[in-house]
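You will see two complexes here that share chain A, one where it goes with chain B and one where it goes with chain C.
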Partner chain A sequence: MVMSATTDGGQRTLRRDGSFGYVAPGLLLIVFFFVVPVLMLLMRSVLEPAPGLQNYVELLGSTTYLRVFMNTFIVAGLVTVVSVLIGYPVAWLLAIMPDRWSRLVLAIIILSMWTNLLARTYAWMVLLQRTGVINKTLLSLGIIDKPLSLVNNLVGVTIGMTYIMLPFVILPLIGVLKSIDPAILRAAALCGANKRQCFARVLLPLSLPGLAAGALMVFVMSLGYYVTPALLGGTSNMMLAELVAQFVQSLVNWGMGGAAALVLLIVTLVLYAIQLKFFNPNRAR
Partner chain B sequence: MTEPFLSIRSIRKTYGQVTAVKNVTMDVAEGEFMTFLGPSGSGKSTTLYILAGFQDPTDGDILLKGQSLLSTPSHKRNIGMVFQRYTLFPHLSVGENVAFPLRIRRASQVEIAERVKKALKLVRLEGFEERKPALMSGGQQQRVALARALIYNPPVLLMDEPLSALDKKLREEIQFEIRRIHQETGVTILYVTHDQEEALRLSDRIAVFSEGEIDQIGTGQELYANPATHFVAGFIGDSNFINAEVLSNEGGQARLSLSGGTVIDGVPVHAGKSGGKSVLLLLRPERLSLSTRPLDSGLVVTINDITFLGNNIEVTTHTGNGESLSVRLPFGHEAISSISRGDKAWLSFEPKSTHAFA
Partner chain C sequence: MKKHTIIALFAIAFGFAGQANAADMVFTSWGGTTQDAQKEYADSFTENTKINVVQDGPTDYGKLKAMIESGNVTWDVVDVEGDYAVQAGKAGLLEKLDFTIIDKSKLDPRFVTDYSVGSFYYSFVVGCNKDAVDTCPKTWADLFDTTKFPGKRTFYKWSAPGVIEAALLADGVPAEKLYPLDLDRAFKKLDTIKADIIWWDSGAQSQQLLASAEAPYGSFWNGRLTALALTGVTAETSWANNITAADSLVVPKGTKNKEAAMKFIAHATSAESQTNFAAATGYAPINLDSPALMDPDTRNSLPDKKAEGQVNADMNYWAEHRDEIGKRWYAWQAK
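The block that comes next holds the complex of A and B.
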């Protein structure tokens, strides 16, 4: 688990005698190029085309847009669930492997994170298309008799995004799982718990903070994801970020774009607040 | 002959080239408190882990009431265990920790509540049900672990250095508790420790482990009075060893020549690895007597230091050829007032009470 670097219980005191000056350039940069543009976009959502909340009324009132919201949550939820299902066993394996091996596997996982996102997404497009390696292999093995549609739909988006999100589940989980003393699991076994009970009653509850942190991070990141859904998804399952892009780029409707962006931001902040409240690693259990 | 309650038969465990346990055989009676005593790496913990089912022996068998345990996985052995490290489930309260084995066994709510209460009473932690383990001291946590290990009435309780993380005073307090609980429950206990004092205080019998083998099994008194090997003699109680030469040996009673020409007769000799003439003679510090007057059969030594230790006085000395010997004299011993550093003195002892190891 990521721990805060402070040793004073998180109560950092900012010295005001001049040291503030050193962070000013960075702060100004953030304010001018990040905070102000975001605020401007959000302002436009209530000012364009005329002052008022009509953009929000339209956004939340229309079934088309609601379907985009629903779809965003479905994709983010699906990606989170699949990432956890795949990531947990991998993290467990990495936690109990000899260090030499786990470092190697970890390096491979992190290396994939450093590879360009677009390149990885295009690679999945090539792999998943009707004449791609996966379909060809399955066809030649006789497992299927016509190509599966694995791309430009929910399946494609889920596969592509899960691949990208996996490290964000695995990394926090490894830390938590490594901190669990194997003797505790031995004690559980002698108490009569079989492997399934050891997992459900001891390992899972003890790793829940790491699991929740990873899952929530994946969910929140997935909510605002753009590139992968745009390339691997179909038109029928558009996500919120794509909607924002469409408003701004194709329709030049900054008001609606800003409104959609604000809704996304609020949902994200609410989830982040939930995480802080229930799974704050800096607070005593 | 009646079946032994727990029988460990020729257990051997190797990891590749390394042999952790060479050949361990012992029978344990029902209700007995048996301690595995030995330095780290002597195979005592490995033997315990094999009993728990965490490791399989390379060879040998373990029988509980005549039934082999080896094919039974850990979670079905019904054996209790308290570990060296704190192994309470941190996400569960004390009450839930103790209830855990019963929940796994699907006991009824009423039965669980009743037995948890009884188990916590046994370890004198009544009313701690709601407490989280992290808020308890190390000693309390180990007592909860003990309650959790005993709640399902296991036939055998394994304890793997459960007190090694505690400070001395607390350790003694919990040793007393463990003795009381052993007497109250009558459970058979196999206890691993490297602390001879702990072993002597707790056990009915002690098995001394050395390099993967048992050197000797016996009560503390037997091990102290009649050590079978040089290792046991050195591990139990305080000991001096000096070199001696065997002049003659008849039926395990030897005539020995010590440095300085002193000859003693009737010393029990234990056969060892080297069958030669030279032996190591065990002299317990408290069995030595010191005199300032020359003695015919005494050992001439020079006084190095005199240390007052309260109820007794430790005198460190060395012999003519530089072997150091410590002597423990009772407070007020007549020789004390008349000796000082650098003085010559004569040590005497009863040859029958010593042991020589080849």
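The block that comes next holds the complex of A and C.
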């Protein structure tokens, strides 16, 4: 997961004498159980079936696999946009609500995060399918005359993943929105800004760091998502993680699996670097 | 210094964990109603031998390969697809079976290799939810006919014997001329219904799709339809040109419980175990003595009694072309 972990406070603690020891167990754990195995898998991408770059040539030279890359970006982009459009007003509402109420709403949002991912995804399947609750209700109300295709396609993936990603937009936004002094908005209004101007020229720019952090986190998490696209999408919107799973589990072709995984990792790291460079909330503040 | 202490601690922890499991063995299968039935013979095995059988799953060929390569094999007996068993045996991933412990004279010779014996065998059949539609498709050709049978239909998502054969049969290829598979022709036929296919990736999902009429018909493992019918869903099975394939039991190379694994396979393939399993699942037994032990009604509902027009998927052909077909299959799906 990508989070801006290197806050100023963190760096100070690291520099303080002797405290590095407390970080060591965690770091060792990550090195032994994450970094080393990942490196081993990635090595296979250039060693199997024979040393060389043939896996990458095949991966990047095939229109099928390029389509999977495109799908991955389209889905991640779509989910990010929809999450931001829905999440921003919710975060704003939470920021200006009385504390007692906002805590309750926040609890509901977080509770949904704690529910098992598979259970939530299956629930969407039941809701969205042709014979599901949503279609049946719309049919009986006479709004539609034949069931809408809401699942096993891009629509299903977008709905299911947006639902899962929403908290990751809302939570960082609340913090930033709360830190904006309401007096600034009042001042803008007094100076003659209408509601739209207040939002576009005052609130939005001030909340941009939180928005960017949330949006980028959603985008990056979506890139590597597996369960929800696999269950709610059709094979024609296959994403990268599914391709990796096919190579590793079904075709047992670890060279290709490693190559696909490395491409995904590089894209993620590049995006993370962009975030650090341009949208680091600590620097912007 | 700290690093060494931590490594030592882990070594001790894992060492103990290993010892604690020494008296057990692990059996891995595909979950769902099928593994529930396999658990029955695992339980009677424990009763007879005092060897505890831990159930794990689902079978995952990537995980299996990782265990064997790292030398840390935690699965002792694994239920795999027949074509995979043949391929993995040739690739050196499996232990040779000990036929002094397993009596192969009683086992269906079609599924016996040096490295594997049958686990059970099943058919891909045309299934239909009778309550959801006026008429049910009866043949593979019907299932591929979107004019006579409009709407969604469901097929097995993974590359495995079954769907390619069904497409070719639907396109008019005679059963005895299926192999070698004409992949171009099969994919062309599949193209005609691609937009109407919902894929199922597990037996449970296939049941859900049929029961909810999300896909009122499709290609199913026969046992899953039998199980569904028992829950009150009016699931109709058409056996026309049913396509059989088998699961196999294998022992991963480097298992620490080799003898227990062999004994377990001997027990799992015994006439009695196979009889009970077949009665519970609707899949056919691979022990040649089992049919005589079954009551006639159950007996007649099993795949091996549906021999008329039956097509046996060619496991050897698949073992040889598994990777090639798989690659094309997934590339076609993603298109």
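In this text, the second predicted complex is superposed on the first by the 255 of 285 C-alpha atoms of A that agree within 3 Å, B and C clash if a C-alpha of one lies under 4 Å from a C-alpha of the other, contacts with A are read in each partner's own complex, and residues count from 1 in each chain.
Quick note on the criterion: a contact is a pair of C-beta atoms (placed from the backbone, for glycine too) under 8 Å apart; a residue touches a chain by one contact, two chains touch by 3 or more.
If you're wondering where the values come from, they're calculated on a predicted model, not measured in any experiment.
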Item to complete: Applying the touch criterion given at the start, work out whether A:Pro205 contacts chain B, chain C, both or neither, answering first, second, both or neither.
Response: first
Worksheet item: So which one touches more of the residues on chain A, chain B or chain C?
Response: C
Practice prompt. Mind working out whether A:Ser179 is in touch with chain B, chain C, both or neither, as first, second, both or neither?
Written response: neither
Worksheet item: First (chain B), second (chain C), both or neither: which does A:Thr131 touch?
Response: second
Discussion item. Looking at A:Asn194 after the superposition, I want to know if it touches chain B, chain C, both of them or none. Which is it: first, second, both, neither?
Written reply: first
Discussion item. I'd like to know which partner A:Leu28 touches here: chain B for first, chain C for second, both or neither.
Written reply: second
Discussion item. Applying the document's contact rule, which stretches of chain A touch chain C when the two form their complex?
Written reply: 21, 24-25, 28, 62, 64-65, 67-68, 126, 129-132, 152, 230, 234-236, 238, 243, 246, 248-254, 257
Worksheet item: Residues of chain A touching chain B in their complex?
Response: 181, 183-184, 186-194, 197, 201-202, 205-206, 285
Worksheet item: For chain B, which residues are in contact with chain A within the complex?
Response: 52-54, 73-81, 83-85, 87-91, 100-101, 104-105, 132, 134, 145, 148-149, 152
Discussion item. Please output the residues of chain C touching chain A within their complex, sorted ascending.
Written reply: 2-3, 6, 60-63, 65, 152, 157-159, 198-199, 201, 212-214, 323, 326-327, 330-331, 333-335
